[in-house]
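Report on one structure; see the data block that follows.
Labels A, B, C and D are assigned to the chains in the order they are written; within every chain, residues are numbered from 1.
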């Protein structure tokens, strides 16, 4: 029979994403609601090893639901990759009388949580926080919706200047392994082409498509490129290629970069974070462990951490088709 | 066997919502993609009766995906409530060689479409465009997500001044019959209480809850009130009641009003509109009629218009509970 | 010879405005730069009377430059209107070894500061923080620029729905005694008419003007109304009047309300606040007192508090004319 | 005696900036107000040579005051650098019975206008439209204020992630020859250092300053770098230098790029554009030519185009000092 849980720790780990603060707030307040204690751990697993903890109550998380970033900070931890580091972390949790751990982060962070549970039997629960939406077991990761809006607002601005000058813009968005941001923001931004890691479009097809769109009367064009697109060229090489192989276009490049990670979370991400925090804490209180909470068909569901890590999210092929039709 | 569809008309009807333009664009471009013609109808059913049509091609909808409102305009039509009006409308469509009609609007607009189909056998397809999210057969109506973000940004601003002055704010948001906006925006805005049409909280409970939240150390509070909340008082009467029954609060009222209907659509609404337009046109091309396209479990699905109109959307009880926990 | 200043207190008073936090930050950091101490006073003059002080250093004001509201909070103080209250306040400052006081607020707050100086000879310096821009001695008060952008964004949203439905909107903005917000936001929002406290337009002229604008082909119209407009009717009475006296318009009202006070300050207001804080502290260090810092012709200038309070800002008549021409 | 002006042409030239559409609208409506005709010229001087004109009336510019970019488009014109090109342009204007030309653009565009006037005696008037604020004779160019807000919002987002990870960010903003954007946005974004073309800070001083700021307890830092900063390294070389010469920082680079040129203009830029358009048209009607309209000490003033081109704007040294104090 699992130990009764009286104190829960929460940490954020990996790349930050908008909504992490809302998730921390939800974990803390759900603990308060159930009259159990809650401690925040600073700088992810690094703070777990160093014992950098802070007691938190409902008022500690006041005014953070609309803040980007994470008040608990995040960091990569080499120490947690060692058994020695994890032992220290475990001892710190034991010393602080913590009974369970909520980890907000991506699959790297979940892998750490899973190993930690396997070694020490310590109850862990994951909340998927990353803008990339690349976690199996949830239709939306925390921060994905906000990042999409950030990207689309940037595309809107760039389109103003693109269409004033009849220019072709290549815009790089985040997504090393998955094209979710590129595909959704590309459709919403009215992009003529979207290059994603999942599909090898081929340079000739890109040039063909741009020429066709030009002939159809478009005076400016926007191509969204995910960081990890399959053409195997970086965005500046793409520009050079098109400069050499297309006439009449004034080609420009814009790399949106880290601003995609920040900003006040959207309504969607704040509600999602609030729901996930409740589900994570209450699942731990119900004796469940080694799960990730996720949004599936509009409901909060648990997925074994193991599956969440190993499973792959697939690009929505319908969206690819919609993108093709929209750039008619 | 249904007639082959060679020309489709599209109109927007009822209260406008962000994403309607993106839906028009999608309908027009999907027609272009399938090499069929498309006409826009101005001012909803009114323009149908007056024959206020405009031929549209892929370029006609350039640069509108990010615009609020509807370039086709919207209007209420008393004429379309009469058989005579609908006959004129039908004749105009026949004269213009239009084979099917896409209606972007809410349940009133769908009722009109259904009657029109029943009378003349004219193929119709609905796209749910309203910020209220009160249509059965889709988890999200077009504009709902954008309106949520608009409301939450306004709450964030009001909270700045509320917390600087230790004030209690009643904020009225749209939602005459349903509390979807109030509930989601309330959670995301960190509201202490949310009053919705579906639940009768009772004034005593409201006052109790505010007193409790004050004792717990909160110096300012925000209460979100849907237009149609069940307490049966308007927001100014609520203020008066609390002024008289609670001590120490400086109570203010803010009615967000029509700005909730406008603004550039969010990424979510633009993608949704693009998907819905494709689905609507292709369903008509497949010989389907009298359906509404909707988002169900992340996929485009058809719901008979009849069900869409009569069915009721229910408030997500999980969200009510999350709201309670968050205002701990 | 004035006493050497070794410790400065800062408070915010009156209605809050975006940029107050940036001003607090600037005062605190300028003190740190000059190696003098700084204390924050909570809740304006009320906190001065209660001795609600907090020692602040450069790190205390981290991460607040982009936050609306005021971390020091604001309040009305009846106590400070009494000699007894002011005596307590003075004693608290003496006990805390504070040598000078920076007051961020409007003319009411400055009046309090001036009386306080006259009674106790205590050095005071004003920073004009109010969205209304109604302080003599500065072309821009802190928060005015941000409020203008907030109002204009709201008008943009309302115009989306106004032009989709051919509606006439009356939009009320802040400004009880001055029309600066109405006039600037009205021009920027493309309003057809702007009603301000300084000018009595007369209802007939309003109706004439709307009729004319309609005949010129405008299908929707927006009228901006300052709270204190001279027609002497509130915005709902205006609506009724037009409903009865104009045909064919569907008239709606929107009262923007308190959201105008909140939000992240604009770049302009953050820079202005930073400059004003530096000027305020360094002026005190130079032995100056009873002044308000202000922006005049692009430069930081001092105006005697007495003049700042009694002087009147005038509406820019050129803007009125521009507004007329733009609504051609 | 100058010819009576009955028709005015307007064009936008050079890099686009937010507010250009508002300026076009103002020129067109001021013409309508004075009952003179107005034609828009597409793609700047290129359209002047090709006779790409469009008659515009008050309704032609409906709904553009809040749009970024320029509906008249902009382009570089090699043709206009030749006498032959300019002759064609002149002939087109004569054929279209245009009596005067308003040019919205930067100093390159003004140089073209001045030569054109010198060769053909054609009345010209300049409106300074560029985000760089590098034109003599106006305290603010059109688009500068909007660009500042765009940059500051991006910095705010990047700071979220910077402070969550204790990172050092170099952020490149526009400004090849002038540091106005960098300096203002740097102060408003709370940057620790600002590198501008006007000042050679020296790499050692940068490293010293960052080390100092770290010791003072800052865990993350943001350095704003104008494109043309004097250190003579591009932003990626800066990163490499700091990577090698500073310990413990995780250094990242973000180049904001072309999004700085787009977006809905701020209230300030819309009002400025409206005022400038009125002044430009009415000055031409008064027989004035070869001037640029500008904002000086809050008023609309004329500056000879010659001076506007040759004069240099200087960086505000007070702001440099404020920046130093704020990064205490």
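Please note the rule applied: a residue touches a chain if its C-beta (ideal position, glycine included) is under 8 Å from a C-beta of that chain, and two chains touch if they have at least 3 such contacts.
All values derive from a computational prediction rather than experimental measurement.
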Chain D and chain C - chains in contact with each: none
Superposition of chain B upon chain C: rotation angle, C-alpha, nearest 5 degrees: 180
Same or different residue numbers at the chain A/chain D copy interface, by half rule: same
Centroid comparison with chain A (C-alpha atoms), farthest chain: C
Recurring contact interface, reference C-D, options A-B, A-D or B-C [over half identical by residue number]: A-B
Separation of chain A from chain D, taking each centre as the mean of its C-alpha atoms, in whole Å: 36
Computed distance of Cα centres, chain B from chain A, in Å: 28
Averaged-CA centre spacing for the pair chain C and chain A, given as whole angstrom: 39
Touching two or more other chains - residue numbers and ranges from chain D: 156, 159, 163
Chains touching one another, given as label pairs in label order: A-B, A-D, B-C, C-D
Contact set on chain D toward chain C in their complex: 25-26, 29-30, 32-33, 58-59, 62-63, 65-66, 139, 145, 148-149, 151-152, 156, 159, 163, 184-185, 187-190, 216-218, 264, 266-268, 270-271, 274-275, 278, 297-300, 316, 318-319, 321-322, 324-326, 328
Interface residues, chain C side, partner chain B - complex: 12, 15-16, 18, 20, 67-70, 73-75, 150, 154, 156-166, 169, 252-263
